[in-house]
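As written, the chain order gives the labels A, B, C and D, with residue 1 at the start of each chain.
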Amino acid sequence: MGWFILRRLVLLLVTMVIVSVGVFIITEASPGNVARNLLGSFVTPEQEASFLNQLGLDEPLWKRYLYWLAGTDWIASKRIGLPLERLTTERGFTEWWAKLPSGDLIRWQLKGEDLVAVIKHQDGRIEEKLDNRRWRKGGGGREFFWGVDLHNRAVLWQKGLSKKQWVYVHGKGWVEAAGGATDYIPLKKGFLRGDPGISLRTGRPVAKSLFVRLRNSLVLASISFVIVMPIALALGIVAGLTAERPIDRALSIVGMAFSVIPEFAMGIFLILIFALWLRWLPGASVFGNHAPWERPDMLILPVLTLSLIELGYVLRITRASMVEVMRSPYIRTAYLKGLPHHVVVFKHALRNALIAPITVIMLHVNWLLGGVVIVEVVFGYSGLGKYLLDSAMYKDINALEAGAMIMVVVAVGTQLVADIAYTFLNPRIRFK
Amino acid sequence: MNIKNSKVLQVENLSVSYKTRKGWIQAVQNVSFDLSYGETLGIVGESGCGKSTVAFAIVNFLGPNGKVTSGSIKFEGKELVGLSRRELNRLRGNRISMVYQDPMAALNPILRIGDQLMEVLTYHRNFSKREAYEHCIDMLKRVHMPDPEAVMKRYPHQLSGGQQQRVVIAMAMLNNPALLIMDEPTTALDVTVEAAVLDLVEELKSEFGTSIIFITHNLGVVARVSDSICVMYAGEIVERGHVGQIFENPAHPYTRGLLRCVPLLGTSKSSTVLRPIRGRVPPPERRLPSMCIFADRCGHRENQCVDKKPNLREIDPGHEVRCFKGERFLYISLRDRRSAQKVRRIGSSTCAEKEKPLLDIRKLRVYYTQKMRIGVKHIVRAVDNVSVQVNPGCTLGIVGESGCGKSTLLKAIIGLEKVRDGKIFFQDKELDTLVVHRPLDIIKEIQMVFQNPDSTLNPAYPVGKQIERPLKRFKTVPRKRVREEALRLLRAVRLGQDYYHRYPRQLSGGEKQRVGIARALASRPSLILCDEPVSALDVSVQAAVLNLLMEIQNKFGTTFVFIAHDLSVVRYISDYVAVMYLGQIMEAGPTQRIYEPPYHPYTEALLSAVPIPDPDISQRRIRLEGNVPSAMNPPSGCRFHTRCPRRHLLPDGGKICQEKAPEEHVIDKNHTIYCHLPIETLLELDPVVEMKTS
Amino acid sequence: MSSQKINEQVLELKNQMDKGLLSRREFLRYAALLGVSLPVALRMVGLVASPKLQAAPVRRGGTIKVSSQVHKITHPAQISWLAPSNQCRHIAEYLTFTDSNNITHPYLLKNWEVSDDLKTWTLNLRQGIKFNNGDELTADDVVFTMNQWLNKDVGSSMLGLMSGYLDPTGIEKVSKYQIRLHLKRPEIAVPEHLFHYPAMILNHRTFEGDFIKKPHGTGPFVLAEYREGERCVLKARKDYWRKGSDGSPLPYLDGIEFLDMGAEMAPHIGALKTGEIHVIEASDMGGIDLYLSFKNDPNVTVHAVATAQTRVLRMRVDRKPWDDNRVRKALKLCQNREKILALAYYKQGLLGQDFHVYPKHPEYCPKPVPKYDPEKARQLLKEAGYPNGIEVNLAVGSDWADVVRYAEILKEDAAPAGFRINIQTMPASQYWEKWTEVDLGITPWTHRPLGTMVLNLAYVADDQGKPVPWNETRWVDKEFCDLVTQANGILNVEERRKVFCKIEDIMVERGPIGISYWRNTWLPARKVVQNITAHPTGYLVLTETWIAKKS
Amino acid sequence: MGDVSQLNEYEYIEGKERKSLLSKSLRPFALIFSSRTATVGFAIVSFWIIVSVFAPFLTPYSPTYQDWKAPNQGPSWNHPLGTDELGRDLWARLIYGARIVLVIFPVSSGLWLPGGTALWGVAMALLVGSTLGLISGYKGGWIDEIVMRLLDAMISIPVILLYLLLVAALGASAVNVVIAIAIVGAPGIARLVRGLTLDIKTRDYIRAAETRGESSLYIMFVEILPNTKGPIIIDAMLRVGYAVFAMGTLGFLGLGLPPPSPDWGSMVAKGREFILAGAPWAALWPSVAIASLVVGLNLLADGLREELTRYQ
């Protein structure tokens, strides 16, 4: 059994790599860039260029993928010459500092021509002092210095450049300076070390908002799963047992009828009927700061939409599997052993009939989690699906990648659970 | 009412029909027979004759679209047709129980054997769990099941075919039923395992006194097991009588035809010829009620046979037949008929002793690797150090039970399996590559005929196209004459012109095999490998195909390698025979020498297990213990030593068999036996099969 | 300010009004622009400043829930969407305030004076106003904030607005509460620019580029929680400098909760109908469905306002076939304006006349609405060398449903004239990428209080004669540019209207755009929400809003 | 040879009459009409096809004529199903819409191909999917491993997102919708065909072909593929249903066919704005149309599958 799981985990990693590269390439290929989406439609070309540079989005594709995967702090610390450290402040914001041999933490700011260092001593005291001796000589009389700035970025400051530019110095007003930041590397640990990066759209670490969205989607998915699966399986069994008789026909038609209405139409019509005409239920799933389960009335409509669509599909699979099992020789043996109908069905037929649908149902968990994008959009339900849709529309690559990875883990994970369930249910495979 | 002497089962003109897409079809019409206590009735007939339908009609399990249209079935005096479900359930599994053809499918794959056995008792006789468990263990011992406690905990797929059948029989016998219906119980088993199961049936019959309905298509098996026999054809009983009457002087042309087309163990292709029954079974919708059902295939047809339908009439005490001329055939006993016949030999056999064999296999080894789990690889030694030669124009028969490696050997020759070690020479050229890499002219020379008629032809293309494909590929004829050649090939295999446009689904099993043969002939190969071409066919059709193969051999001088598990068929068609066991050849030599002493102990056991459809032939009983070992870790030394009944003849109980593999003992030039037993002791053994001196 | 010298321009305005050349409302607007306080201006008009009439007594408390998109905010000057500004304007405030009938009042400023040549503006700050971290609002904050607007690295849209007439060097801190601006060229609309949505005054002592980290502002609320894409929660401030009608400090509400419910309208409408939220702030995405869904809903009032927001059918004059003015005129003639307004926007707006001057702008010179004339259009096309019509692509953002309907109606009505229009829909985010590149497109333009503002942004060339960045049509017309620069400096409405008449004629004659309608916008709110008005630019001001009773 | 041929002579099996070409071509229809469910399904699907082909005769209005005096009207005498938000007749748009889905594939403004967008999408999916399935099923080994991993990867991403990324990358046009449907549909079909191939691979007629040294390409495409026809056709029918569904979802996301093409998905997407405003017709009828078509296809597929397996 161990080998089996190990093999699946290796496959999981391979699939994750494929998907991550795939998402990177497709997003790169599609037109539009993040700067326009973030800075708004009326942004000027130079602004766009400087913004992309500040976010390190002007690097070549493969470099960006590498930075996303393995992070950038190891490159930056090589350039700065000091190890880097990440702290999270009491208000939950992350701060990157360079670590001095003395143990104190240091960050820099360029004020006009001189370098101002902000030092955080181990006892928490923060000191600000000039630190011009760190400038290093570059070619042609230029001086440069790689350091960490206040906005969690490794920055290359240069002095004595040919082009002059107006720089506003606090307290002194405008002063013309021949230098400034020319290259940025946003600091992050990289996906492999648990930091999927900053969401370009919300500016906050992806992990935090993703977790909330995942929790919401899990709530929606699990409630729908728990409600619809048993009903669908039971109805499937009944339909299978009464094959070709009126009950079977009715159940099949009803199941199918629900699963064919487009989700968005179904959602909106449900809002129309229940929220507006009958006024029984709230029209949207607006949770505010409390978790979905605190407002059950808001869950009813999305879960209903989701379950009706699922019902049809699972019912059909279970029915087909039940019909096939009832035609099998060992059921004939059971009947010819004189066993009553209910014993034949529940002891012999049921377990065999459930093997096939169980595996298919597990595959659907993945669809439930991410595929319900439309249901979430129609109800304004802030789940993982909507998060992925918005990031894709917005080309917020960090969020999209992290979301896609979760989807892969869930997909392959559920497949693994499906396989384990299959081997557990089917002794023919368990005892080779 | 003393039920002992009255009948356990009376069936009065039972008719059953099925609902198909084209409406209701009559599968069985006015079948009548009765069965007394302790008696075994054998129902024999070819596939599609309705024998299983009768069985299922008795237990009223005809499925959603089957229905008993008329007639009555009385079981111990009580009418079964129209019984309520509750009463039916009380009978099923308790007073009437059933055993099926494929035991593996008949057992529920996800329940332990113990549960499936005990539920019969706990339900019918509301035994407690403990009581039921004891009873099951006892019954498993009765059916000679080794280590019954372990078997109770196992799942069906963990048992061998023979063991599974024993479990099903045990399950049927748990409630000591009055009637046991067995539907082809041994068809799917190997001949030695079949023999053991048939012994068990006899044992149970004498011990429990259960009356049995034994359904099979194998005449040998029915001869051995039954007291009385019904012969069914196209849904009707054509002859009924005591087993001796049926086999000694069969009265119905169909019964006589059947008996004549079954190769007897003693017959070879040079001594007699098989007489196939021509034509094919009329499909249910074309069976005219007003004429004899067998009329269009009967060699002795008269007008009256076509004008009105003969009904079953008694021509001898206890011997009924459905034929107007029944009495006439009564007194021409079949055997005299056969011996009196001028021996019609299928032309001079093309097989002669030639110095250069067409096919020469030396020390061939073919291993599979089976991946149980990643990293853990098991080597399966399918073919292990096999050397054999085939002379041009001859037929080499390879016989052995399933898993002995005969198919793998064929695949190695034709190039579908990679050879691990050893050489294959064909027309003096070494075949060392897979078929894909062989030059076209070598590929042309070797063709293959396959076992299962349903999967030998591609269902998506008409017959003509499939025959033309090899013609075009090997360019045996110029492109424009391809169609003409295809029609010639069809004629060569006795199929009409219009089969050219037919699709495989419109052909019967026999017809499909013929097209398979035509396809193999297309490239005019010098060697045709036949992988059990007839074992899936009905007896009557089997004879036609065997004759066709021999006719081709005579006409084109083709060499055959013919593998099968039925010794009488191999005996009939082969010039040379090799007996294989667990990937090795035990004995090889001219056909006649193999079927008479000195035998290799395994050959002897095989011969004694073959059911012979002739009550007058006496057969010595030699049974092998234990199961066939797995090819993954074959026994050391002589592979047969774990089951060899003759080991005790050797000094110190045959220890040598365990340590050393036997060398090759050659008896007069081309008869070899691989056994440590000296030839003299083997010669002293009396023959397995002898004519009963009257 | 009453004793201060009244600018003689104001007197000039007064006699124009007396001669009936200037409506009373426009006089009030201009007087305010010139620094005359409202009560004084009202007296000059013969009206007594009506006391704030108070219907029911104000009820304090309660948290108002508003559905509005919560974007990423770092530097307020970089805000490019209305929704974030509507959230932050309750934390930080602006120097001036333009109300819904386009009158600009001083807010953080006590008052301002402007030189006769409209080149020197003196801004006097109100005293005693405190940031929510206790620091006092001083001139330094104003100077620091203005410099942020003009800093290229920050890249604020204010740069585009003010860099034409103001350089960083022109900002002079006169005293602790007074700032003087020295403009490069005369500009009438400075007070309006100071209310442009990114122009919030920041605390120069603490601001380091991320407003969320240090949300210090003079506004009535304090930032309690900010989660992008989810929610923004504001709590009322105890020591706000403005007093409510009941004497104690504003705001009346305890707090405001902004909930991001995505771009799809159904959840918003559903939530408002069932009372889950009080107000839908649909500044960037509201469509006709808001109006239709609530117009006869008993417990929701739809606060409507006519605005200068419009859908500009723009043609790139530097690309074939639009370089030929006859083709441009032909397409303009294909606009069946009544039908477009009726179907695209259900008559909720004013008919347009193919020039980007809003009829309610002061300097609007009334012109007839051009008629739909496909025959003349076909004739023009034939003259331009396209006897059997022409096939063109029309790029459209699919998120704005009324724009897509506008395109489909135009395609149908332009067909008889010989135009074969292929409509290319794409998500709004993609449209914003190529809105300046496509040959033919329909671009949504937002409301600006003054006629000149939008002309300077989109239809003129810079000093080297190159079209300004937002001139999506690349239309450079020497005569037109001169007229616009001229208009910028004319205070006198009458003169400016004469100049605008010529401007409008040129646009109709050779302009690169077609405008079918100006659209109303709506601010649907529950009936219980009192004292809330819809603003033409889509601003949401809840400082004086209160909730009647539990909704 | 004398007596042998004489012996077998009477064995000469006479053939039966040859089935005419017509009866061979009618076989599939016989299959459909013998099952009630399949007939109902077939009726619904053919209803939409007939209605869309004869659209000009069934309604006086063109799908794009805008009667601007009467937007968002309910069903009335001259507008049987009512009008949409631009005053266009809904019945006309539905039947012309059916054309785009089932009958005509608008490649570009000038070029129209027979067979609707949904059908083309599924056809492409079949092409790609079955080739992949065949190769990975028959060849096995590392090729199979790679293909399976690719399929896993594509299946793990939610379908909606895949559509979105593809159409966002390619832009919204009929051709791109077809490509999107093909790419999303291919994995499912590949898995199905791979399963079938693994089963057919064990058949003897494949061994026969191999013993003739046939190339693996020949074996795959000539010997195996025709035998997967039955299940593939049934699955394809279901996929057409899902393709119609997908076009709807794309329309909903604003990535559907460019206006004013009356494709059902965009109709629902545009109509949804007015549901809550009291005019549900523009969104109701296309949803019902999509649902009915998908139901029709499902019934047809289920009926056929039942028919094929019952008399196996």
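Observations
Everything that follows uses one rule, which is that a contact is a pair of C-beta atoms (placed from the backbone, for glycine too) under 8 Å apart; a residue touches a chain by one contact, two chains touch by 3 or more.
If you're wondering where the values come from, they're calculated on a predicted model, not measured in any experiment.
Relative to the whole-protein C-alpha centroid, the nearest chain centroid is that of D.
Between the interfaces A-B and A-D, more contacting C-beta pairs are found at A-D.
Centroid to centroid, with C-alpha atoms defining each point, chain A and chain B lie 62 Å apart. With centres set at the average Cα position, the gap from chain B to chain C is 93 Å.
Centroid to centroid, with C-alpha atoms defining each point, chain A and chain D lie 32 Å apart.
Between the Cα centres of chain C and chain D there is a gap of 50 Å. Of all residues in chain A, those touching 2 or more other chains are 31-32, 268, 271, 276, 393, listed in ascending order.
Multi-chain contact residues, meaning those touching two or more other chains, occur in chain C at positions 266, 269-270, 273, 427, 430.
Touching of two or more other chains is recorded for residues 168, 171, 253, 272, 275-276 of chain D. Interface residues of chain A, counted against chain B in their complex, comprise 3-4, 6-7, 328-330, 332-341, 343, 347-348, 351-352, 425-428, 431-432. The residues of chain D lying in touch with chain B in their complex are 1, 3-4, 7-8, 10-19, 34, 203-205, 207-208, 210-214, 223, 226-227, 229, 311. Chain contact summary for the complex, chain D toward chain C: residues 64-66, 68, 71, 85-87, 109, 168, 171-172, 253-256, 258-260, 270, 272-279. Those residues of chain A lying in contact with chain C across their complex are 31-33, 36-47, 50-51, 91, 93, 150-151, 165-166, 168, 170, 173-174, 199, 201-204, 209, 212, 267-268, 271, 275-276, 279, 281-286, 288-289, 377-380, 382, 386-387, 390, 393-395. Chain D contributes residues 149-150, 152-153, 155-161, 164-166, 168-169, 171, 241, 245, 248-249, 252-253, 265, 268-269, 272, 275-276, 280, 283-284, 286-287, 290-291, 294-295, 298-299, 302 to its touches with chain A in the complex.
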